[in-house]
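Going in written order, the chains are labelled A, B and C, and every chain counts its residues from 1.
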């Protein structure tokens, strides 16, 4: 599967919000899409393109914007596909993928707490790796290591 | 005075001690030579000897298990304290003695402390009943076997008390499992014992062993012995039936909250029960301290030969339990109870019927002709 | 007994690491589970942003402490793609050999811990004994037994020593009959089968839906193995079969891992033969000096660095012992990676815990979680 295949298949399925489809080493293609079209695009990628397995969801802080990327895998085509969307720097948010790929659940929780991307309609957006009540997003560029920080966090008692 | 029984030994020691004290302090000589005083002291000495013997045996049992498990696992077991690690368990015990005894804040004080002590005491009581050689206990206890089994079945009560009062969910679950398990396996054990009683015609352990002069009971009662051994395995809470303290899921089961000396009590009592269980198997099915008649008499007449052979048999039986522990995984609670209620009880009933039939058709002496069974 | 929540962890014999499985039970039956992670979170992805490319390798060993070299392999591949560097051929084979040895060590460690959870005591010691031989091999060419710091961007640190392949073959010859023993102790035991059959069932379509990979997925009949499907390193040049099972339960996962160990031995024999007959350099030439440790380029060098080393993004995926692991390394120029993101297979496998635990008994938790082969280091990173 190459970027042209991806383009034709996406067009045939009427996928909305595609910004660009470019080659990327190691995967079939990198598809840049408009985050507002996520709800409609994800099921198309899963069913029409045949990528039922979501490998990972990650966020990158580019300072002037955020990027969220999804790595999905197709068993018959034996290849990955990279989806990526640019998010607003002020209030980065995107529709959750966990309705389409349930495996996105924890990946999105992680991206939310570490990078600070809000996933709308996520079923269970709690802290995963950080303690409850943790105020910071460590993987943002503004979060510097070696800086004293207020570690007064509320720990839940169960 | 011939020192043939343990009571004689105790009496001799007590009277010697009192005479000595009377010599040193002449005014005490008269009151100390009173028969009641000597009797009382010799009872104490008797108990002390029993206590020391059972404790040392238990600790040696732990050493035996550690060494044997070590060999099964391709390692050497305890090696460093004493020759071949013989004193390792004494060192461990001393360490536990020195440890701080603590109690969870929310635990019930009475139950938390009384549970392990009562468990330990009842486990020790058993050794007052079980004879390990002729003349071990003075006089006959006509119902000694029943008494031993009654003491044996006290355990779930105390385990459950200590589990519940430690106020920990894991302890509670372990205690519940323990109670369910012990009650379930109590029944087949008692039924297997009924088979022995049918064949031997007595509840007295001394008589039961005496009845095995011609043939050991494992021959005619092989089914009863299998049921009894499996039931004992469950009563001792050893792998594959160690669910009450299954460390993978219940941390340490009903003794999760215990540390230091109280934990040592539990551990010791567990091995005391293991020792008592092995004793019972040897007494009921493997001829006690007797050897087959075709064995050269040199092997059976040396001093303390009865105790020696009894202990050899006991350790062999326990060795089988260790072997099982090294080779088998743990079963699950529902599987355990299903085995108990649906397999063991029918089997033990069959054993009783079989024993009754053997007695009725009077074919028991046949087993005396089979050399491997003792005759 | 009424319903209650119990915390299995963070200090609990079942967890094999530091995490907390909160379980809602009714008597002995599991009604709900909620894994709580993060006790071992060290922020490896964040620390990596402050490290030179080769310094990150040290962190990779700590990612999964039983499969350190597999994670090194994952990272160096991604970093090489991001930097546009190619490893030498021999180093690539050595890397593949290291990964297979690590798979063996990891699976043996898994076997030991798994049977221990079932109450089977002796095989734990057998497993540790046999794993030690592999660690000895690692020690002989990397110097480390658990944290190796062996791979480098562009190759590996050093070649294997004289006589290594011979010793490695001896170890393989010792291990192969051991697998038969392992099998006899487990599959030959009726109690083991009763405990593990039809336990923790997760069918193939559920695995795909929930992102579950590795032996768990293959035990459900799927043949997905990145070594076959998307060959990296030199896996396309060796012969091996993908181990699968159909039962999708704990027994199936056991069988898959056992077969994978045999296949690893098969791969390793081929790799050792290749290494014997193909000497060569193990580190690429003309590597930038700032890849290595504390060397901050200044002045003209820094300028050249910005100009000569184009930006790039590297993505790599390997079949780690636990499943599919991915690394995403962003190079924005400069001596530190801009962003490093890892996909941990156990992370995804654990996130599906609800689906393979609910409905079973408390006593089933250790074998089921054992069959998942949880390595908390790579979940929390």
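We take it that a residue touches a chain if its C-beta (ideal position, glycine included) is under 8 Å from a C-beta of that chain, and two chains touch if they have at least 3 such contacts.
In this text, all values refer to a predicted model and were calculated from it rather than measured experimentally.
The most distant chain from chain A is B, comparing centres defined as mean Cα coordinates.
Taking the mean of each chain's C-alpha atoms, the chain closest to the overall C-alpha centroid is C.
Note on chain placement: the centre of chain A and the centre of chain B lie 64 Å apart, centres being C-alpha means.
One inter-chain figure worth recording: chain B and chain C are separated by 48 Å, centre to centre, where each centre is the mean of the chain's CA atoms. Mean C-alpha position of chain A lies 24 Å from that of chain C.
Within the complex formed with chain B, the residues of chain C that make contact are 1, 4, 6, 8, 12-14, 28, 115-122, 124-126, 129, 185, 189, 191-192, 194-195, 361-366. Within the complex formed with chain C, the residues of chain A that make contact are 24-27, 52-56, 58, 60-61, 69, 71, 73, 75, 78-80, 82, 101-107, 114, 127-131, 138-139, 143, 145, 158.
Residues 69, 72-75, 169-170, 173, 176, 239-240, 242-243, 246-251, 325-335 of chain B touch chain C in their complex. In the complex of the two chains, the chain C residues touching chain A come out as 5, 7, 22, 37-38, 41, 43, 45-47, 50, 81, 208-213, 222, 224, 229-230, 313-317, 324, 326, 328, 330, 338-339, 341, 343, 347-348, 350-352, 380-381.
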